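Report on the following structure.
Residue numbering begins at 1 within each chain, and the chains themselves are lettered A, B, C and D in the order written.
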């Protein structure tokens, strides 16, 4: 009975959502004629005044940088809430759950791969304004490097204090750069550095600085998430 | 043409994986199916000219989300109906 | 690629995305296991993200990246796909991960208290 | 310069990132810094409000890009009034929990105050922002802090309440993103003023679908029936001050969002009647549910949901008097419901299950708290001469002006129902005998001061409603003037 109701509800929902999006059309220009969509301004200004090659980066970090500040805050809060929900003290960890016992091939292989993954992560977020990728992607790659180590070595540990220091410093860098822009140019997150030459590593003004801070922050936060969950042993029912 | 077939096949696979992840009683396989959804999505994003999103989805969806699901399953139960609680998981991964 | 095939893709891409959202929501609303509920949420998130990225796509568009050779041919800016939905999806993916992590932590804690994930045995979650 | 709206977001975020570091230096800073930040923001908010009352709205652009390119924050009289109210309540919640959580360890205290501060910041962001996607981000900030705070206590019920909240919250964000993308795909912009300027070009079907999605998504946060399943559990299981923060801050922000979409962004004529209908249903269902509750906090939660329904009805009149009445209700509800949550959580502090019958004879043990609870109960029902009377009266006059006699009758009936269930509790406090001997928890000094401040405000508004009505009239005028909002945002030049 309940299933039928749910299916009916979802079918109605699906009818309207699908109908709406079929109207919008895939791959066709869908903006109402005569309007200037903001994406045209974004694409033009990305090259002209920001000197950034990757338009997604310029939107994420500059045009809509405020969203990104909110987004790293969401991750920061997720880590905080996670710790609060599992009520762990940071330095007194529970027993570590072991997903599988790894063979020596896995352990030595991970040891070899780990520096390469970390290096890739750094590369991705340092070149965020030039090529696909950026702070989020780089941070996630770094976190997956730590994940590999945590899975391969039963007693591999990350200092929780270090994680929270990195996280806080990166967050302060982001908000602080924003406030510097506020003091310098009158608006929050405004660019106050020379933008340089397009397609050079040192270009884009404050965009690479912010994206590097985001990279560190996301990397530390996601590592923290995995680390907290991994140290949660569910055996005891109490 | 090849682009068209590729997208169609990926979309079909995605639907199949999502149905599988909902009906599968073994939660571990269901979670792996969500990982496969993310993998397909990441290829689709690439085909839809969104390399940034593809990178993010590949790392977050395929690696991190899947692993925290697996850890949660390891800490709770593996089967949806919970008749035999942990035994199967241990025997399967070892 | 000819236009009829592309017109078909309109229905295929959006239809799949909406279907995946609905399948995920169905799992969330019907399934008895708390983990299945969270899996459903994660599946519907995937569908939603595909939907958003698909809106930004233009037929024959290129990725919104100005590689060095691209600049001479400035007219091709109009051939780029829309970067805005991509930027929004980046945000949505990361937020979705945060929410999933919180939900899973709650699942672990509920299991700690009840020793089961069955929604029928957890009194307040029945509906 | 009196300060700019962006500081309301930037300063708390900077403080939130700093607090874990400061805690390593001196643990007490974890408790003190949020209070300092909130005090500073309150001063800023009052200053800005005074400035805005004299000179018109302040529009702040971010990253140097004028709307519609960049994100902007709008501090009008309407949003400024709500922001000031929220920050004031947030400061009171902080002061109330400062000593209340003293026996809690360092780590939980750090997390509690961080999440509380971000709950307030997120809500302030929802009210200030002028961009629909940015609003989504702030809603997520608010919700994630809400999930964490709901599950703060270690019992099993809190985890269940929080899980419910997570589920509905995720569905809400799905709907919100769907609606945002419909708007973006048609108009190519995400800025509220720009959308409001161009919305008449949109296909009516798409407009209605996206409006429904927005209201569904925000209705989950604003506790509109039938989407309010999370609210009673979350209120009942979260720590007492957090219940007050939900009722006074988070819900206000979500209602603001619904109102902004209805009044400014969309130009749907049927939307106002829609608001009246959902508001009415919410009001009736919640008040009838409240009368059946056995737990004190659940009763307060349902009463809060009912009040939100009434607020929506008042907004739904669509007239300036209606908006004025709704704003007055929101102000009173925020203050009175906080007082009820604060004093109520001491009245049932000792019992495990927080049943209403536990308050029997508490007036002997906690005279001041009981008196304040009774004051709050009378005020929220709308008895003269307390604050609630004037807001109910203004709803009545607004309804009469719009020729909605049926609504007047219903509101009166609902007031009777409210009177019944609140008097039941007050009666138990004063005229029943305690069966078992107890050692009641005395309110801490901070909590007592906070409750007395709230009580004084209720009496002050009750006897001199003019102190607030001036601001409220200007705030409602600023909400009704849609073209002025659009003009102020879009007239900025690079």
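What we mean here is this: contacts are C-beta pairs under 8 Å (C-beta built on N, C-alpha and C of every residue); 3 or more make two chains touch, one makes a residue touch a chain.
This one's a predicted model, so the numbers in the text were calculated from it and none came from an experiment.
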Tell me which chains count as touching both subunit B and subunit D. A, C
If you tally the C-beta contacts, which comes out ahead, A-B or A-C? A-C
Need the CA-centroid distance for the pair subunit A / subunit B, whole Å please. 20
Find the geometric centre of each of subunit A and subunit C from their Cα atoms only, then give the gap between the two centres in Å, rounded to an integer. 16
Would you kindly tell me how far, in whole Å, the mean C-alpha position of subunit D lies from that of subunit C? 30
Please work out the Cα centroid separation of subunit B and subunit C, and write it as a whole number of Å. 13
Mind pulling the residue numbers of subunit D that touch at least two other chains? 133, 137, 140, 144, 147-148, 151, 159, 162, 178, 185, 190
Of all the residues in subunit C, which ones touch at least 2 other chains? 6, 9, 13, 19, 21, 25-26, 51, 54-55, 57, 63-65, 84, 86, 90-91, 94-95, 97-99, 101-102, 104, 106-109, 111, 113-114
Which residues belonging to subunit B are in contact with no fewer than two other chains? 51-52, 56, 60, 64, 68, 72, 75-76
What pairs of chains are touching here? A-B, A-C, A-D, B-C, C-D
Across the complex, what residues on subunit C touch subunit D? 21, 25, 28, 34, 37, 41, 44-45, 48, 51-52, 55, 84-85, 88, 91-92, 95, 98-99, 102-103, 106-107, 109-110, 113-114, 122-125, 127
Within their complex, subunit A touches subunit B through residues 54, 56-57, 97, 99-101, 124, 132-134, 136-137, 140-141, 143-144, 147, 151, 222, 225-226, 229-230, 232-234
Taking the touch rule as given, give the residues of subunit A at its contact with subunit C in the complex, in rising order. 2-3, 6-7, 10-11, 13-14, 17-18, 21-22, 24-30, 37-39, 42-44, 46-47, 53-56, 59-60, 64, 67-68, 71, 74-75, 77-78, 81-82, 85-86, 131-132, 136, 198-199, 218, 222, 225, 228-229, 232, 234, 236-238
Could you please specify the touching residues of subunit D with respect to subunit A in the complex? 4, 6, 9-10, 13-14, 16-18, 20-21, 24, 60-65, 68-71, 105, 107-108, 111-112, 114-115, 118, 125, 133-134, 137-138, 140-141, 144-145, 147-148, 151-152, 154, 159, 162, 178, 182, 185-191, 198, 201-203, 205-206, 209
Subunit A residues touching subunit D - in the complex, by the definition given at the top: 16-17, 20-21, 23-24, 30-32, 35-39, 41-42, 45, 62-67, 69-71, 73-74, 76-78, 80-81, 83-85, 87-90, 161, 164-165, 167-169, 171-172, 175-176, 178-179, 181-182, 185-191
